[in-house]
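Paired with chain B in one complex and with chain C in the other, chain A is shared by the two complexes that follow.
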Partner chain A sequence: MPALFVLALALLGVLVAYPMLALVVTAFTHQGSPSLHHLITALSQSENLNALWNSLWISVLATAGATIIGTALAWSVARTDMPGRKVLRALFLIPFLIPPFIYALAIQQLLGPIGYLNRFWRELAGGILFDINSAPGIIIVLALGSYPFAYLTMLTAFERLPVELEEAAQISGASRWHVIRTVTLPMLAPTIGAGAVLAFVASISNFGVPAILGFRRGIQVLTTRIYEEITRGVDSDRLAVAAALSLVLGLFGGAGILLQRLLSGRRKFTLISGRGGSGDIMRLGPFRWAMTSFGWTFVILTSILPLAAILLTSLLQAPGVPLSLDAISLRWFERLMVASPRIQQAALNSLFLAFFAATVTTLVGTVLGFLIGRARVPGAGFIDWLATLPYSIPGTVVAIAMILAWLQPIPLLGFSIYNTIWILLVAYVARYLAFAVRGSLASLQQIGETLEEAARISGATPWQSTRDVLVPLLRPAMRSAWILVFIPALQELTLSALLVGPRSQTLGYAVFNLQDGGLINLAAALSVVMLTGLGILTVIVGPLRSGRPGVS
Partner chain B sequence: MKLAGIEIKGLSKHYGATVALKGLDLVIEPGEWLTLLGPSGCGKTTTLRLIAGFVVPTRGSIMIGDRVVSDTARRIMVPIERRRLGMVFQAYAVWPHMNVLGNVAYPLKLRRLPRGEWRSRAMAALEQVHMAELAERYPHELSGGQQQRIALARALVSRPEVLLLDEPLSALDAQLRVELRTLLATLHKETGLTVIFVTHDQDEAITLSDRVVIMEGGEVRQLGTPQDVYYRPANEFVARFVGSGSVLPVSVRDKRIYLADVALGPAQKSGSESSGSILVRPENVRVHEGGKLPCEVIHSWFKGDHELVQLTTPAGELFARCAKRPEQRSVRVDVEEYVQL
Partner chain C sequence: MAFASPETLSIIGQQVLDVALDNFEALFETHIAESRLSRPSPVLRFALIFQSNCSPNPTPRNFLSAYPACISPPQEKRKVSIVKRLLRSTAGLLAALAVAGAALAQGGTALIYTSVPQNLIDVLEAAFERDNPGYQLDVFRGGTAAILARVSAERQAGAIAADLIWVADPSEIIALKQEGLLLEHSSAETEALPAAFRDPDNQYFAGRVLGIVIAYNTLMVDGANAPQGWRDLLDPRFQGQTGFPTPANSGASMVTIGALLASEDFGEEFIAELGANGMRQLRNNGDAAQMTATGEVHASIGLDFQIRGLKEQGSPIDYVYPADGAVFIPSPMAIFNTSENQDAARAFVDYILSQEGQQVLVEEANFIPVRDDVTGPQGAPAADISQLEIDPDFIAENRERILELYESNISP
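Showing the complex of A and B:
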C-alpha cells in the first residue's frame, strides 16, 4: 500500500502542483527575476482591461439573473401548492444537462440574426425581436445556464429548512410576513449567497457561451481573450501575458470558491436538517394556475424551444432557408456518419479521454481521499486543497498552466506532449480529480471506522481489512465518481479549445469549430447526436449521478 | 478452550496535554466478567481500546494470558489481529456487503480454514446466538438486535481468549437490551470466557459483572464486586454514581452521626473529624409517624410496584421507597441504614 500512496501523491504533484507552480512562476518572472512586469503589461493593454471589465459586469448581471430565477423556481416547487410541481421540479433542471456552448448554439438558432423567432418577428412586425449575439444575449444565456446552481442549493434549503423554526416564530405571535422577514430570509441568506457564488464562478469561467455569441462581434471576456492570445501563437511573451491574465481570472474564480466555502460553512451551522418539507406550503388560491402556466412557459421558452430549434437546424439543408417540408433532410447526419473522418476521430478522442480520465481520476482520487480522510497523513488539508484546486478555478487557467508545464520536452523522455492527446488527458485528470476525491471523502465519512476495526480484531491485517471491507464499501462511490467524470469529460470544451492539437480534436471542440467555420447545420447535427447520447447516458446512470462538488 | 487473564501495569495514555488514562494497574482473572463503568470521558473506552491494540499506550504494559501484547519499556506492540480477541462494538459494525454467514465466517476464512470447517463452525456460532435460520440474509434486512447478535457470533467464532464488549447494549431499545443481556450472561456462563465490558449504565454493570471498576477522569475510583460498590462505596463519586441514593452532610460527635441534629447511629469511620457525609439508599428510609427526622414531601413518583418519595430535610434532599403515597405534606422518617463516606 505505501507504494500506492507514494504513486498517488507523485501524480498529484506532477499533474497539479507542478503546472500551478509553473503558472504562478511564469506570471511573476521577467528575465529571470521576480517581477510584476507581465501583470502590468497585460493590464495596460486596453483590450485586456476591456475583457476584464466585460467579464466582471457580464458575470455579475448573469449571477443576479441566475439567483433570482433559481430562487423563484425553487420556491415555486418547494413552498407553494402550484399544480404539477413534481414534474416541473425535474424539468427546471434541463439546462443543467445541456453543455453551455450547445445551449448557446441552440438559443442562437432562435434569436440569432437569422434565428427562427427573429425571422418570424420580421415577417410579423419588421426588424428583429432580439439579437442574442450581444452582451445582453451573453448575460441571458449565462444566467439560464447557471441558474440551476442557485436552484439546486435553494431547493435543498427550502426542503430542509426546519419548519419548527418558522412555527416557533408564528406561535410567538409573528405574522406571516414578519416570519419571512425575520426568520426565513435571514436563515436562507447564506444559502442564497452560496448559490449566487456558484453561479458567478460558473459565469466568469465560461468560455463557450461568450466565444460563440460574442467572438465575431468583438465582445471579449477574459476567457475568450486568453484563448485569442494563445491561438495567435505560443511564444514566451504571449504565454507570459496569458499566464498573467489567467491569474487575474483565477483570482476572481478562486475568491468566489473561497467565499462559497465560507458561506456553506455558515450554512451548515444554520440549517441543521429538521423535519422539513411538508410544512409551510403557501396556498396560492386562484394564482396557482397562473403560477403553473408561468412555470410551463419558462420550460418551453428556455428548454424545449431551444432544443427544438437546434434539432430543426440539424434537419435543414442550409442556414436561413425558408421553412418547408422540402427543406427537411437527414443529409447532415449522413455526412457525420460517412464523410467526416475528422469528426469521427474527435468522437474517438473524446471517448478515449473520457474513459481514461474517469478511470485515472477515480483510482488516484480514491487513494488521495483515503490519505486525507482515513490515514490522516500530515498535510492532509493541503492535499485536499491541491486536489480540488483545478476544479475550483476556471478551466482556462488550468489549460494555461498545462501549456506552461508541458510545452517543453519532458526531461529524460525527450519529447513534448504539447499538441498531442496526452496533454488533454493530463489536463482532464487534473481538472476532474476533485470529483473523485470529494466522492471518496464523503463515502469514507459514512463508512464507520469500526467496520475496519471489527475486521482487524477478527484477525485481518491492515491490508486485508482494506481489501475485504473498505474497498468493497467504497465501490459504489467509485462507480459514481467515474460517471461524474465521464459525462462532463465527454462534452468538455474549455480545456480542449486551448490544448487541442492537429490530431487531438474532441467532440466539444468539433462543435465549436464547425459553428465557427459557418457549418451551422453540421454543428447542430453533431450537437443533437451528443445531446441524445448524453441524454441516454444520463437516464441509464441517472441515479448514480448525484453530488457534484460545490453543489450538494 | 484456554482461559486467559489480563494483567495491566502502569498503563497511561496521553493525547497531547490531555490525559485519558493515568497509570492503571489491573489484574483480570481468567473467566472473570469485569466491567469498566463510568461517565463519558472517564477512560473506560480508552482502556478497552488499549487492550484491543487500537490505541498505542504512552506508558505501561498489558499481558493477555502469558503473552505480553503491549509494553512501552520493551517496545512491544503486538498488532491487533494477532491478539486473538473478540470484540462487539456499540454500533454493531456488521459489514453491510457480506451476508450473515459471510460476516461470521470472516475470522475463520482469514485463518484459512477449509470451507467445510468454517461453514460448520460459523453455523455453530450462529446457533449460539439463535440466528442460524437467518444465515443467508444481509444486515440491512435485520433489526438492530439481530445485527448485534451477528456481531456477537462473529466475535465468538474464532474462540478468542478474551471477549471485549464496547457498550454493546447502548444502541438497542429497552426490550432488546434485556434479551441480549440475558444472552450475554448465558454465553459467559457456558463458555467461561474472560469478558471485559464497557458501559456507562450502572444497572448493566451491577447485574452482569463479577467485578466492577468505577472510573473517573482516567483513574480508578473503586474496584470491587457489585455488592462492594453498591453497599460499600469507597467515596462520594462512587456513592453518587452507583444506584439511586442521596449523599447528605452530617456532623460527627462522640462517635455518633447526626443528621440535622438528629442522631442516626454510630460513626463507621474511626476518624476525629467533626463533619462528613453519608449515603442513604431509598430502601433504607422509612416514613412513619414515630420517625425522628421531620421532612417535607416535594413529590411522589409512581414507580409501579412502589412510590419513590422525594423529601427535603434540613440537611438536603432525601429519597424514600414507600408502598403508598404519603397523605400529608409533612412527614417524619427514620434512616435505618447508611454508609459513612
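Showing the complex of A and C:
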C-alpha cells in the first residue's frame, strides 16, 4: 500500500505540481534571473490589455445577467404558485447540458447576421434584430450558459431558507416588500454571491464562446488572445508572454474561487440554521399564467430554438440556400459517416482520452482522497489544494502550463509528448483530478472508521481492511467520479484547442476547426451527432452517477 | 452537466454538482410523490439523469434500470472490485489499441500538414489510399500560418512530426528549402511538370494552382452588377459589403496582397482604397466563402475551387477571375528531409502530380491542374487572361509590410 501512496503522490507531482511550477517560473524568469519582464511585456502590448479589459467587463456583465436570470427563475419555480413549475424547473437546466461552444454555434444560427431569426426579421421589418457576433452577443451567450450556477444555488437556498424568520417579520407587521428587503435578501446575499462567483469564473474561463462569436469582429478576450499567441508559434518569447498572460487570467479565476470559498462558508452557516421546509409560496393570482408563459417563452427562446436551429443548419443542403423542403438533405451526416476519416479518428481519440482520463483520475484521486481524508498524512491540506488547483483555474492556464512542462523532450526517454495524444491525457488527468479527489473525500467523510476498526480487531491487516471494507464502500463514489470525468472529457475544447497534435484531434476541436474553416453545415451535423450521443450517454449512465457512499 | 464542462465550470470540487444533485433529488421525490405518475414524463426523465440511484422513494423500474442495484447494496452484489474491472477493461482496450497500432505500422503512413480544406483533403486521401494499396495518409489541416507555426514549434520540441507539407504560399516553402529542411525528390511524375511548377533542385512542386477570384452572392448582387475586376470593388454599390481573408491566417491572401502591392497598376493606394470602401477583415478563405454564400458579405476575395464547390452544392454564389489582373498561385508541396516515411511521402507526391491524381483533383476538388495533359474544371480561366506577377522573393521580404498594410487599412 505505501507503494500505491508514493505512486499517487508522484503522479500528482509530475502531472500537477511540476507544470504549475514551470508556468510560474517561466512567467517570472528573464534571461535566467527572476524578473517581471514578461509580465510587463505582456501587459504593455495594447492588444493584451484590451483582451484583459474585454475579459473583465464581458464576464462581469455576463455574471450580472446570469445571476439575475438564475435568481428570477429559481424564485419562480420555488416560491410561486406558477402552473407547470415542476416541469419548467427541469427545463430551465437544458443549457447546462449543451457544451458551450456548441451552444454558441447554435445561437449563431439564429442570431448571426444571416441567422434564421434575423432573416425572418429582415422580411418583416428590414434590418437585423440583433447581431450575436458582438460583445453583447458574447455576454448573452455566456450569461445563458452560466445562469444554471446561480439557478441551482438559489433553488437550494429558496427551498431551505428558514421560513420562521420571514414569518416572524410578517407577524410583527412588516409588509411583504419589507420582509423581502430586510429579511429574505440579506439571508440570500451570500448564496447569490456564491452563484455569481461561479458564473464569473465560468465566463472568464470560457474559450469556445468568445472564439466562435468574437473572432469575426476581432473581439479578443484573454483566453482567445492566449490561444492566438500559441497558434502563431511557440518560440520561447511567445511562450513566456503566454505564461504571463495566463497567470493574469489565473489570478482572476483564483480570486473568484477564494471569494467563493469565503461566501460558501458563510452560506452554509445560514442554511444549516434551519431547514424550514418549502418556504413561503407567493400567490400570483391572475399573474400566474403570465408567469408560466414567460417561463415557457424563456425555454423556447434559449433552449428549443437554438437546438432546432443547429439541427436545421445540419440538414441544409448548402450554405446560403433559401429555406425550403427541397433544400433539406442528409448529405452532411452522410459525409460524416462515410468520408470524414479525420472526424472519425477524432471521435476515437476523444473516447480514448475520456476513458483513460476517467480511469486514471478515479484511481489516483481515490488514493489521494484516502491520504487526505483518512490517512491524514502531513501536508494533507496542501495535497488537497494541489489536486484541486487545475480545476479551480481556467483550462487555458492549465494548457499553457502543460506546454511549458512537456514541450522539450523528456530527459532519459529522449522524446517529447508535445503534439501527441499523451500531452492531452496528462492535461485531462490534471484538470479533472479534482472530481475524483473531492468525490472520495466527501464519501470518506460519511463512512465511519468503525467498520475498518472492526475489521482490524477481527485480525485484518490494514491493507485487507481497506480493500475489503473501505474500497467497496467507496465504489459508488468512484463510479460517479468516473462518469463525472468521462462526460466532460468527451466534449472538451479549451485544453484540446491548445494541445492537439496532428494525430490527436478531439471531437470538440473537430467542431471548432470545421466552423473555423467555414464548413458550418458539417460542424452543425457533427454537433447534432455529439449532442445526441451525449444525451443518450447521460440518460444511460446518469442514474449511476450518485455521489453517495454505499452505506445504507 | 455538459455545461458543467471544463470551459464553464471552473469551480472548486463538486460543490455545484452536489447542489444539483440535492435539487434533482428533491425535485424527483416531490414529483413522484405528488403526481402519482406511473411513468415520469420525458421532461422529468431528462432531469432524472442526475438522480441518485438510492432515493428513499421507490421509482418505477422500467426507466431506472440501475435502480434494483439500490435495494441490495452494491457491494454485496458485485464480487469483482471496480478497480479490477477498470484494470481489466483498460488492459482490454490497450490490447485492442496495440493490435490496431501494429496493423497501421505494416503499411507506410505519411503525415501531411496542409491548408487544403478538410473536406477536400479527405477526398484526396481516400483516392490516394484507394489507388496506392499499402500506403496511407494522415492529415493535419490548418491555415498556412498555423501550419508553419506548428512546424516551428515542432522543431523546438525536437522533431518535425510531418512528412509532407502542402500550403498556399510558395515563399514559405522556399524559406524551408533555404533552411535545408526539404528532401529532393525526382520521378517520372515530377519530370512531367512544366518548369514553372517545380523547383530547379527538385525540392518542392506545385500540386495544384489556386486561382484568386472575386466571389459574390447571386441573391444580393444581380448579374448586371456583378464585379468584373479589382476596381469594381471600389464601387459605392459594394460599400461596406465586401471582405478579404486575413493574410495573418491565409497564405493565399499573403500572396495576393503581395502581387497587388508589387503591381504598378495597384500598389499601396489600392489597398487603402479597398479599406476606404468598407472592406472587412475575414478570418480565412473557408469562412469568407461561407459568409459570401450566405450573404453575410455580398462579395469577397476567395479561392476559385472553394467557390466552385459551393456553387456545385447549390449555394447562391458565383465568381469571376479579376479581368484587370488575375492571380494564380502554384500551391507548393514538399517532403521534409527528416521524414521517416519517405516511401509513403514520395508516393503521395507522385500520386498528386500524376495524370490520374490531377484528374481526381479536378473532378473532386475543382482545382486547376498543374499538368498540361489534364483538362481544367468547368469555369477555369481562359489562358490569355491578364495576370499579376507573383514574386516569392518580394513576398518573403515584405511579409511584415503586407500584414501591416492589411491591418491598418482593412477594418475588422
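The rule is short, and it goes like this: the second predicted complex is superposed on the first by the 531 of 552 C-alpha atoms of A that agree within 3 Å, B and C clash if a C-alpha of one lies under 4 Å from a C-alpha of the other, contacts with A are read in each partner's own complex, and residues count from 1 in each chain.
Please note the rule applied: a contact is a pair of C-beta atoms (placed from the backbone, for glycine too) under 8 Å apart; a residue touches a chain by one contact, two chains touch by 3 or more.
Since the model is a prediction, treat every value here as computed from it, not as a measurement.
After superposition onto chain A, partners chain B and chain C are found to sit side by side with no clash. Which of chain B and chain C touches more residues of chain A: that partner is C. Applying the stated contact rule after C-alpha superposition, one finds that A:F207 touches chain C and leaves chain B untouched. In the superposed model, A:K86 lies in contact with chain C only, and not with chain B. Of the two partner chains, chain C is the only one that A:Y418 touches; chain B does not reach it. In the superposed pair of complexes, A:F149 makes contact with chain C only, with no contact to chain B. Across the overlaid complexes, the C-alpha centre of chain A sees chain B and chain C at an angle of 150°, to the nearest 10. By the touch criterion stated above, A:I257 is placed in contact with chain C alone, chain B being left untouched.
Once the two complexes are laid over each other on the shared chain, residue contacts for A:A460 go to chain B alone; chain C is not touched. Residue contacts after overlaying the shared chain place A:L473 against chain B and chain C alike.
When the shared chain is aligned, no partner comes close enough to touch A:H37: not chain B, not chain C.
Nearest C-alpha atoms belonging to chain B and chain C sit 5 Å apart in the superposition, given in whole angstrom. Taken together, the two structures place residues 472-473 of chain A in contact with chain B in one case and with chain C in the other.
Chain C makes touch with chain A in their complex at residues 1-23, 26-27, 30-31, 35, 41, 43-54, 64-67, 73-75, 78, 81-83, 86, 90, 93, 97, 111, 113, 117-119, 122-123, 125-126, 138-142, 145-146, 149-150, 152-154, 156-159, 161-162, 217, 219, 281-291, 293-296, 310, 313-317, 412.
Those residues of chain A that touch chain B in the complex are listed here as 448, 450-451, 453-461, 464, 468-469, 472-473. Of all residues in chain B, only 52-54, 79-87, 89-91, 93-97, 106-107, 110-111, 151, 154-155, 158, 164 touch chain A in the complex they form.
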